[in-house]
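First chain A sits with chain B, and in the next complex the same chain sits with chain C.
Let's turn to the complex of A and B:
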């Protein structure tokens, strides 16, 4: 069942450029970026049992890395941008994680929220470095050495960049699948289920939580670089707490117990947001209602409806 | 050979003296029971012996190393495992996965974060072996939360045994288990210890039937001090100790292994 669903999702995403109009494709692009970020968030929440309200920090970090490299440093190769974003995220995640994983539950959530807002303030206030509220432009990157100069912006985004992002999501999903089905992943689940028992079985609870935090941050930053290219801008709102909240919303919507939950959550969220925003300026109100309905009636999210009892590894 | 020893350990909580100079040693090959009335300091002693907390003074040594307050992870790596009084399982993990956590941990596989655990034959062979010893071989794929209480207890202990410790600390191994099942569980435990290579067992136990039936040596605590330390026969022969610690002669007294 899970395999069939996965196959269907892959087929649909690969075929999308032939089926969907460009407008909808430009909506799918952020969904791909969010999917990668959510794979990371779900390693933290679904697998390790730590709910972060500051994951947007790393998404923003990825976006700003892309902005600084393409605009200020003139480095256009997207592979280098991705590597740098992953590296920067890991370097930031180690000290932040060391402080955060000493706490669990709401205290962990609040600390991650605090760090996210700290970064937001930094982006907002250090105008000379970060461009303040205007942010930094993100230039068009080269993909595998190709500049695609003959393509206009929409053609570039819905063509080569779409497939590049899709390929990256595929790699990220495969990588994450390996992580959650590895011995390391088993230990993370043990930590989630019962940290005391895990400790008594010689599983170093804090080290595992920290490792999950760092991996999640790297996925967040890679997702962030993908988000920044279509919008062409890295701005402080990427790190704002409501953005972290949206990430958690997407995860709950898709279902954190299922491996495909992040992907489903991201796609449905983006398209739903687009539809509801075009109908009413009170879209946040509508989303609040939807979130309440999901949490109360479908705590296992959309994937819980589609694939009952297939717990994410 | 002495595996575990406590030398004149004291533990104070504010003004309350929970342990007041306890000395004991556990040698390889021994099954030692710690008994005593409520408040005698049994739990405090187990917490000290298992590195959970550090003594206020005195020393706790395992294989000659000072292990006061080093925590369960370090101790488990040194070769001491502990099973808690209350059943500790990973509710959503299967029986096989639960035991695999211990095996992965012991083999140092936890750092392999891109390896496929499902294809790790060394891990799963050992999981199957331990599960079979504890009679859980038929339940490998069942989530721990769906097991009956007695099997949860067995799984809890089985995962501790899967660390292949040299010494295992059992905190009331038969608490919450029906009288009929108690002896069955103890038989499994003692048999498993032999097969897994556990050299010594230390247990805290209230059930005197179990204590006198299985121990090589009994350490009786009272008000934070060692009241008596000797084989079951000598404890049984001392009526003052019996009165203080047991309250009455045990029902199964004289039952010898």
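Let's turn to the complex of A and C:
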């Protein structure tokens, strides 16, 4: 069941450029970026049992890395941007994670929120470094050494960049699948289910939580770079706590217990947001109601409805 | 400096509401900032209406208080919604209050629009006072006094009154309190409503000094979080001390080095969490 669904999802995403009009493809792009970020978030929440309300920090970190490299440093190669974003995220995540994983539950959530807002206020207030509320522009990157100069922006985004992002999501999903099915992933689940017992079985609870935190951060940053290219901008709101909240919302909507949950959540969230926003300026209210309904009645998300007995991711 | 104390007084009210609800119901209410915003907007409307109806201007502060208290009526229905998830994981409770944040933000947008709303002309109705070579609007002093009074009142209420004792007993040990015949659902409704009321009164009181904006709720909640982390989750004295620290720090930072205004607060939050994880005034639990 899970495999068939996964196959259907992959086929649909690969075929999308032939089927969907460019407008919907440009909507799929952020969904791909969010999917990668959510894969990371789900390693923390779904697998390790830590709810981060500051995951947007790393998404913003990725976006700003892309902005600084393409605009200020003139480095256009997207592979380098990705590597740098992942590296920066890991470097930031280690000290932040060291502090955060000392806590669990609500305290972990609050502390991650505080760090996210710390980064937000840095981005917002240090105008000369970060461009303040205007952010930094993100230039068009080169993909695998190709500049695609003959393509206009939409053609570039919906053509090469779409497949690049999709390929990256595929790699990220494979990588994450390896992680959650590895002994390491098993230990993370043990840490979630019963930290004391895991500890007594010589699983270093904190170091496992830290490792999950760092991996999640790297995925978040990679997702963030993908988000920044289509919008062409990295701005402080990417790090705001409501953005973190939306990330958790997407994850819950898709279903945190299922491996495909992040992908489903991101795609459904983005398309739903587009639809509702075109219907009413009060889309937040609608989304609040949706979130409340999901939390109260369908805490296992859309994938929980589709695949009730799926393996926990 | 005094501006900081004024901010601290308002912040205390919101943080106290957050503490009360967390202490008893174990729910970290992200929406308490939204109650604050709702209180602010309602305060503007209520005073505008009252002045239009011929109320003498100096009485406006009573109208604000009344508006804040009346608005606490949204507490029970919201508590009813939260009741569906009391037995769930904290993550879901947090998310449900996040859903409330989204909804209330648009309720405000729907009723009052997106432009900032201001209460013109009453801020300086009590005149200005000179304290140590600076002038301070007397209204600020009124709010500081009100905040201090409410703090003392809450302290007395929790320590001495029958309901306060029940609240503390529930916070201490839910099952035991229930076993001794406390009707938990009634306690929850009242506590939550009181928490909402503290937030809405705080919002209503701040409004003569500033404009009501769509973002004010989601901005304040982060400061309120900082307050409860510094003070310790669930502690009233902690809320008061934390609010003073954050408010004064913010006031000083704005006056001296505006770039670090929020940064300084988060640095203190993180420092407190590292050095005294349970907060400055926490009880041994948590």
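One rule holds for everything that comes next: the second predicted complex is superposed on the first by the 312 of 313 C-alpha atoms of A that agree within 3 Å, B and C clash if a C-alpha of one lies under 4 Å from a C-alpha of the other, contacts with A are read in each partner's own complex, and residues count from 1 in each chain.
Just so we're on the same page, contacts are C-beta pairs under 8 Å (C-beta built on N, C-alpha and C of every residue); 3 or more make two chains touch, one makes a residue touch a chain.
Please read all numbers here as calculations on a predicted model, not as lab measurements.
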{"item": "First, second, both or neither for A:91, with chain B first and chain C second", "value": "neither"}
{"item": "Which superposed partner A:196 touches (first chain B, second chain C, both, neither)", "value": "first"}
{"item": "Touching partner for A:204 - first (chain B), second (chain C), both, neither", "value": "first"}
{"item": "Partner chain(s) touched by A:12 [first = chain B, second = chain C, both, neither]", "value": "neither"}
{"item": "Partner chain in contact with A:241 - chain B first, chain C second, else both or neither", "value": "second"}
{"item": "Which partner reaches more residues of chain A (counting touched residues only), chain B or chain C", "value": "C"}
{"item": "Partner chain in contact with A:171 - chain B first, chain C second, else both or neither", "value": "neither"}
{"item": "Partner chain(s) touched by A:182 [first = chain B, second = chain C, both, neither]", "value": "first"}
{"item": "Common interface residues of chain A - those touching chain B in one complex and chain C in the other", "value": "none"}
{"item": "Interface residues, chain B side, partner chain A - complex", "value": "71-73, 76-77, 81-84, 88-93, 97-98, 100-102, 104-106, 109-118, 120, 123, 156, 159-160, 163"}
{"item": "Touch list for chain A against partner chain B, complex", "value": "175, 178-179, 181-187, 189-190, 193-194, 196-205, 208, 211, 215, 311"}
{"item": "Interface residues, chain A side, partner chain C - complex", "value": "45, 51, 53, 99, 102-103, 105-107, 109-111, 113-115, 117-118, 121-122, 124-126, 241-242, 245, 248-249, 252, 281-285, 287-289, 291-292, 295-296, 299"}
{"item": "Residue ranges of chain C touching chain A (in the complex, touch as defined)", "value": "28, 30, 81, 84-85, 88, 90-92, 94-96, 98-107, 109-110, 218, 222, 225-226, 229, 233, 258-263, 266-267, 269-270, 273-274, 277, 286"}
